[in-house]
Structures are given as structure tokens and as C-alpha cells.
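When the chains are written out, they are named A, B, C and D in that same order, and each has its own residue count from 1.
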Amino acid sequence: MRLQTDLAMEAAQITGRLPEGVRVEEQQFTPDVHIHRVYIDNEQGQQAIGKPPGTYVTIQAQALTGADADIAADCTRALSEQLQALFPQKPDRARPVLVVGLGNRSITPDSLGPRVLEHLLVTRHMFSLVPEQVDQRAASVAAIAPGVLGETGLESGEVIAALVEHIQPSMVIAIDALAALAPSRLATTVQLSDTGIAPGAGIGNQRPRLDQALLGVPVIALGVPTVVHAASLVIHALTDTAGPPDETQQQALQQSCGDLIVTPKDIDTIIHGCATVVARGLNMALHGDLALAEAAQLFS
Amino acid sequence: MRLQTDLAMEAAQITGRLPEGVRVEEQQFTPDVHIHRVYIDNEQGQQAIGKPPGTYVTIQAQALTGADADIAADCTRALSEQLQALFPQKPDRARPVLVVGLGNRSITPDSLGPRVLEHLLVTRHMFSLVPEQVDQRAASVAAIAPGVLGETGLESGEVIAALVEHIQPSMVIAIDALAALAPSRLATTVQLSDTGIAPGAGIGNQRPRLDQALLGVPVIALGVPTVVHAASLVIHALTDTAGPPDETQQQALQQSCGDLIVTPKDIDTIIHGCATVVARGLNMALHGDLALAEAAQLFS
Amino acid sequence: MRLQTDLAMEAAQITGRLPEGVRVEEQQFTPDVHIHRVYIDNEQGQQAIGKPPGTYVTIQAQALTGADADIAADCTRALSEQLQALFPQKPDRARPVLVVGLGNRSITPDSLGPRVLEHLLVTRHMFSLVPEQVDQRAASVAAIAPGVLGETGLESGEVIAALVEHIQPSMVIAIDALAALAPSRLATTVQLSDTGIAPGAGIGNQRPRLDQALLGVPVIALGVPTVVHAASLVIHALTDTAGPPDETQQQALQQSCGDLIVTPKDIDTIIHGCATVVARGLNMALHGDLALAEAAQLFS
Amino acid sequence: MRLQTDLAMEAAQITGRLPEGVRVEEQQFTPDVHIHRVYIDNEQGQQAIGKPPGTYVTIQAQALTGADADIAADCTRALSEQLQALFPQKPDRARPVLVVGLGNRSITPDSLGPRVLEHLLVTRHMFSLVPEQVDQRAASVAAIAPGVLGETGLESGEVIAALVEHIQPSMVIAIDALAALAPSRLATTVQLSDTGIAPGAGIGNQRPRLDQALLGVPVIALGVPTVVHAASLVIHALTDTAGPPDETQQQALQQSCGDLIVTPKDIDTIIHGCATVVARGLNMALHGDLALAEAAQLFS
């Protein structure tokens, strides 16, 4: 049974028992925030789960979207700490970090990446233009939303690869909306990984993978599930009600549901909340205390 | 079996045979454009279909979104003619027509109403400010997008009722995104009716009905299905594969799918195309030849 | 000499000495925030200054736009206190306050009104839909951006008058971008008054006045200067350099500069900062402590 | 006297007589469309005018913004022909043309570049993904809006240089909003040149020049004046009224007007109209007949 999920955690659980070459770890970060790690150790694990070897961290909380201030603050802190644990080195002012906002701004559930960039503390240009004004705690950060293939004629991977070659960042952090299997994951989960990302996996058509092999620098991926593929939803419901569909039925469902996505009604509010929490976590992971001061200062 | 569709045509077909008090009519408008009319004649028809008595016209074409220029032109013409057939009187310069764009601009599949207004030929103010500049063919047209309850604290119906009382239009034309049962209806169907509309039926929470009873003037509704409720999709797939779910299963599915909507991946392109075609049809229905001239003039 | 300013403070100072029927008052609110009040007491004052009798309060600070957190917090507090002093009664849950965001969202310096609404705590609908969830401190608040005459065919005044009649608010608060004479006023000044407002005074064409005479309820105006009319700038420069232009020269300049506005290069950042500060001040004035809690909770 | 204009035509006329090394040519394209060419032949011309040697073509018409359909069609044709005359080679399917939309989407008068891209026929990806579907007349076209330094931390020039190295276009076409001296130029003039462009010359802070020296391929610039610097306006008015200001006065004016720009009130309508006309001209220049067919097909 082949289902479409970008979450390693879901992929690891599909068969009911853990495949060879895959390990998991659980951590209760705070009463309301849970952390789950999947380690894919080798080729065997990759075969079983369909994801490249590496570490996949999911942070889970009901209040990811910021409705409860205390839980949102815990999520932010968890996000910052877990990101820093995946960073190959501490961000500094010597080499920039390049943050990439993938996705389509005109499709609400796909707009997470570009929307996160709106709240990011971008500093790279200040180190050359007004070096004396830059706070000691700030790291050098650049950001780009490469746009959509149909509007640019350029693969995200091409744009990013060209920029990486040019500005030589210490790493790339790529943000995207993801697809989950279970609707309960939508907007309650953030997945981090050190294995890169396939742009458009969530909503667009899947494009060449952005990873260290392509870009030559480490690529940290950060994603939030905002859609479920319609076929996943239907197959899941069928399995619950009438038993798993056979191969032929499943192909027919994939066919008929091909280009349909499932998303919550209030997706505008969800994206707004998630983008705020994710940006705050990123700013803390990149700039440390400065981000806290900045958040207090701007109240935003 | 109670399914959520805003299309009278789908509601009429659910049971397989036509209920008492309901008549249908078919018309091949052009080889690529098909017109279907449902007449709900009385209380009995209303009970069976769950829609108020009146006329429901659906215009169907694969190329509603404008990808094929000739078919789009046929759709525009069909739309204009069918709208005019529903108008209680010919629009003129004496009393304005009030066009209402319902829905949430921040949720792509719900943004049809506000997006159509962007292309509408609005003229009411010109008759008082620069009467000598107004083309003889122009009717008086005003437009408003009343916004979203959570952002205004005002029901769409309240805003519209207040305005109608104030400007005394000859009729209201209300545009909204709709929910269908069949994914194949998405962006291939326009429904017109003379019975008013319940704002938010498609995506938002259903709100008090905008109709002649509330507003005191005729209300023409124009809608395009852009979503399917997730429960509808799942129940449909179950029925096809394992037979119709029983009442209990169905309630469980409605529960688990409650706030999820299903929409095509390329919903941004679809909304853009539909808004253009619908606005052009409206402009022709309201202003006649002037709209054609205007379309040629602006190329848009 | 007739110059175009929406600021009573500037109008009072044009002639060099205070006209009969006009009084002014100064207050150093904090080291960085200055408050200036103009009272126009009678017809004579109105003639001299060209504004209706009433109170005009300007709050002035370099850091209105929020770049300095402490000063922005002082501005917010000053705004809240001065607004409350103008309110005819304390906002409560019995009758709503209607907040109106005037201006054109598509012209950056004119977009202040609609942008403020994005950050407003709107509650009116919750008192009827989920009364048990509404915090005790919340007042009933509704909001509308009536849009632009060219797009709606409706005068702002018509839309607001219709709504006021319908929802019977205790008062209207109208927010708009203003025109100043001195570029130094841009984004460093907020003007409050209890005399209503002429929509579009800043950028659009001036429209019928929104005031208690039109609407039947008190109208509080809140405006931030974001433009200077080009003629004002040129006449000011001429006066400084070569002495004041004569009547004929002045008319020629008004003619040649007619539809040009002057605005800062970084108007996008300015509008973003001003909208945030103004919304926060409004929320505090309307909902008291709740707004502070909310601000802390959402960090935004 | 040093005034800020991006128009070679204005710079050539400032002193009243044509400097050495500069030639001009006039052409009445149609009764309503006038073409003016400035050739800067050498270093001497460059010194005099402050622009690099090359050809500067201005197309002038009152109805650039598309209010009159016939004139707009003439402008489109003039634009297409003059662009083609500057192209170093005919665009084809072998090597892409890279179109760059400079400027800040959030500042209305600076948003021309990004807005033109919305209407561009982008095809490069189709030649690799669906080569059989690409019309024989289509050239390979890619497009990017590199965004704003403060939001990306990246100079436009860096982003474009990186991409050019990567995708090896046959040329770059860079679109930007410009600054003029005379308000009468605003939205009535398009300037084309084969000398590249300094991003942000119009509104932003001037950034390193995008030209063949930087990018290694020919750079065609296309700009429309949408602002006048406030200092230019004031100095012009002073000169008319009281004679030209002396050096000291002029510096004082530059100082006091430093970051202020002058723009028409209805800049949203102007940008919409100009973006449409420019995009149509570009599409014709790049894709020939196909663009006409496409325009007819999409009516937009």
C-alpha cells in the first residue's frame, strides 16, 4: 500500500511495526508539546519508508497555530532547540544562512514558505552596508522565495543552486507546506530534518530534491502539514469501514482523486498562526537572544 | 442519505428518480456548452431536494476557466443570456443593480465573489458625478464585498440588507463559491437561480439566507462549485466500492471530516479563469453591447 | 493663502498668530511623546481654520512607526487615553462601536484605514454566536472597510450611514490617511477629533463628510498624515526661498501640481508600523486590559 | 545643476542645447504615438548626460495606460518593434530570455516590474516538461522578481548574476519603475535601452548596475517613469517662478526633500494600465504572432 505522506513519522507507522534500519525516539518536551524522532539509518530503512537516511524530528502540539500563548511559546522554544540540534554549525556573521520559502503564495495552503519569510529577521545586507549598526548577537541571514515553476519557468532547485554557488552560505533552511496522511496532523505538527526536501511534495508537482548532493551545503528542511491528498483520505476511510482496498481499487481511487487536495476550512487563520510560530522559532534558532528582544520590541 | 451540495441539479439526481414537484429541462447550447434547468414547483419539491422553490440553471462546459477561447466565449454568452432570462426587469439607469461578492478573499477556493468584482463595470457613481460621460447603453451598477464575519463582526446579510434599504436597487445579484458532490463539477459548472443564496454554504459556516424575503427585492444567485466537502467525497467513494454506508457510519464520517474541504491543486488558476468568465458574462447581461466594446477596448 | 492640510494644528499655525475662537494646549506626555490640542470654539474659529468646531488632538513622536519599542508603547498608551477622553461613553457590550477603515488598499499611502482593521479585535458577532466565550472585559466592536467609489459605485458615507441605521452603534470611529503641509509630520503624528471626517481628504477626492449630522451618532476621527500635496510642498519651498507666491502664481502651481502627491520612499514600512501602533491603541481604548493580554498572547 | 532623472531624453535637454557625443532622432510612429531616440556615442556624451553610451528609445503617448484601446494597441506595437530592434538576436527556443521584474511590490509606484511579470508568457519549463505542447512560434522565456534588499538580504544584481551564470540566457530584459523630472512624463513614456539599468534608480536606493559588464550577456532595460523626486519638482517650480536656485539653495532643497517622492493620486490605476500594455508589448516582441493569438484567446 503506497500512500502519500511527507511525514517520516507517518511513513514509519504505516505497516504497524518498525522496519529494519529505522529507529524512533519519543520525548515529552512540556505537558503540551511532544517530540518524536525517526532515524533512518541505512538503505534498508530508506527502502521501507521511502525517505532518505537521516534524522526526522516532529514537534507536535494542539496549539501550534498560536491560539494559546503559553503553548505557542513552548512550541517556539522546542522549534528553536531542535533546529539548533540539526544545524551543522552555529550560525554566525562570517557566512550567511540562506532561508528558502518554497510554495505558491496564491494557494492558501501552499503559502506557508513565502509567508514565513515575511516575519524573518534578514540581516546579510546590513553587514556590508551598515556593519556598525548590527547587533553582536545577529547571524548573517538571507532569504528568498523562488516562486512557482509556471510563473518563472525556473525550477526552485535551479534558483537555489545558482544562489548557493554565488553567496556560499553555511547551510540552506528550506520551508514548505507538507502533505500528511491523517487530517489530525494538519497544523499540529512541524517536521524538521537534515536530509533536504522535495519542493512541491505537499501541493505542487514534486520537483528535483533540494539536498546537499544538489547544493553542496547542508540542507535543513522545515515543514508543516497543511493538506492531505484526497486519495489518502478516501483509502483511509475505506480501510476503516470496509477493509483495505485492493491494488486495483486503490489505483482507481488514486486516478479519480488525482489532483484533489483536502484542507481545513479555516486554512487562512491556520497559515497565519503557523507562519508566525515558525518564523519566531527560526529567528531564535538563528539569532539567539536578539530574536527575543526583537520580538518584545516589535510585539510581532 | 443527506449530502452537502449547493447544486440543485445534483440534489435532484441523488435518489435516482425525479421527486414530485421537480421538473428538469436540458438544452445543448453549443457543442461544448450544455444547459440544465431544475424547476422546483412547490413545497413537495422543496422537501425532496432541500432547496427553495424557483428556477436553477446550470451552465456546463469543460473550458469554463477560459483555457479555450472559443468555448469561453460561448460560456460568456450563455451566462449573459441565462442571467437576463432570470432578471425581473431589464437593468437600466434609473435604479441600480447591486452586485454582491460573497466569500473570503484570503482562502483561495472561497475568493470567487470578491475576485469577480475586480472585473465588474461599476457605474452607479458616474450617473451622479459625470452623467454626460456615461454611455447610453450603460445600466447603473453598484458592487460590494461585505467581507467575513470574523473580521467585520457583521453578517453579510446585515450589510446587504442595510445597503438595499439605503440605495433601493432593482435587484441584488449575489456571487459565491459553492460546494458540489462530484469533483467533476468543480470549475466546470455555473449555477444561476432566482431564489437567493445562503452565504458561506460552500466553505464558510452557513449564514442566514439572502433572498427576497430578507431584502425586499429580487435576489439572483450566481455560483461556481470550487469545493467538495470531504465527507461527500468519502461517502461517494465508499458507496462506489463497498456499497452505501449506513446511518451510523455516515454520521461518523461527517464527524471525522467535519471541517475539511476538497479542492483542486491548481485552484489559483481556476479561480482566476472563472472570475474572468463570470465577470464578462455579468457585464454583458447588465450593460449589453457596451460590455463587448469595453472588453475589446481593454482587452481584459 | 489656502493650503491643503487635514491637521488642525497646522491650519491654526499658518497665519502666525492664533485666530479668534481657537485655543491650543500643549502637554509633554513622556519625554518622547508630545500632545497638542486645538479647540475650535465657534463659527469664527471655523472660518479662520476651515475645520468644524470641536477638539483636535495630535499625538507626536518620532518613533510612531514602532522602530523603538519603548516609544511605540508610550504612543500606544497616549493614543488609548486620548481616544477614551473623546469617547462620548465607555464602550460596552450592549451597543457596538463601529470602526470604519477608509481609503484605498491598492495605493500604499492611502491604505492605512483598511490595514488597521487587519489588527483590530472584532467581537460583535461573538456576543450572539458564542456569548459564553467572550471575555468580561471585551466591548462589542464591528468593523468595515467601505472600499473605493470607483470600485463600488457607493460613497463611503452611504455605506456607513446605511450600516449605522441598521446596527445602531454607540459611536463610529473612522480611520483614514491624511494630508499634511509639512513633510516632517508624515508618520510622526496622529490626529484624533470628535468632529467627524471627510473621506478621501488625504488622497482621494474629498467626499461628503462623515459626522454626527450625517450619521446621527458621535463620530471620532483618527488619522495619520502619510502624504503632502505637491502644491503645498512647492509653495512652502518658494516661500522659504523667494518669498510667498502671489495669488496668480499660487493658482498656477495648484493647477500644475493638481493630482500629484508627495510621500516618503519607504511608505510600505511606514504604513505597516503605523497600522500596528494605531490598532494597538484602538484595541486598548476599546477593550482595556483585554487588549494588553491579547497583545502579549499573540505577540502581535 | 544636477537633477535626478532616469530618462536620457530629459537629461539631454537640461542644458538647452545638445552636448557633444549625443545625437537625437525623432519619429512620429502614429498620430498619437511619438518615438524619440537618444544616442550617446562616447565618453564625452556620457559625461554630459550621466548615462552610459548606447541607445535610449522613448515611446510617448497620452494613452499609455490603456484608456483608449486604439492608442494602446499602437503603443503595444511600437513597444514590440522597438524592443526587437534592440535585441542582439531574435529570441528562440534554444536559449532562454530572462525577464527581470525589479522593484517593490508593496509600494504602488515601485511595483511595475513584478506586476508586468504577472502577464508574461513564460515558457522555458515547457520546453523540457511538455515539448510537444509548445507552439512553434514560442521562444524560451524565464522570469524572476528578485525582491527587495531589506527582505532578502540579497542585491538584485547578485540574484540575477547567479541565475544568468546558471541558465545562460541569450539576454536579460530588466523592467523597472523610473524617476522623471517632468510630471508630464509620468505614465506617458516608456524608455528602452541597450545599456542595462541601475535597480532602484526610481524609488529605492540606487544599487549596482545590471549590465553586460556585470552579467556577461546583453541587458535590455525597459522602464516607465512613475515618480518624480520631490527635489526635482521644487527646483523646477522655483526656476519657473523665481529663477534657478543657486548651488547652496539647491543642496538645501535636496537635503530637505531627500527621501520624498511625487506620484499621481491614481497610481494604482496607472500601474495596472502600464503593466498590461508593457506585458503585451513584451509578449509580442518575444513570441511574435503567438502573443496576439494568446491575447485574443485569453482576452487578457
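To be clear about the criterion, contacts are C-beta pairs under 8 Å (C-beta built on N, C-alpha and C of every residue); 3 or more make two chains touch, one makes a residue touch a chain.
If you're wondering where the values come from, they're calculated on a predicted model, not measured in any experiment.
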item	value
Fitting chain B to chain C on CA atoms, where both chains share a sequence, rotation angle to nearest 5 degrees	180
Numbering shared by both copies at the chain D-chain C contact, with half separating same from different	same
Chain A-chain D separation of Cα centroids, rounded to whole Å	38
Mean-CA-position distance for chain D and chain C (Å)	37
Residues of chain D engaged with two or more neighbouring chains	150
Residue ranges of chain C in contact with chain D within the complex	104, 106-108, 183, 203-204, 228, 230, 233-234, 237-238, 241-242, 245, 249, 253, 256-257, 259-269
Parts of chain B lying in touch with chain C, wherever the complex brings them together	96, 117-118, 122-126, 140-145, 147, 149-155, 158-159, 161-163, 165-167
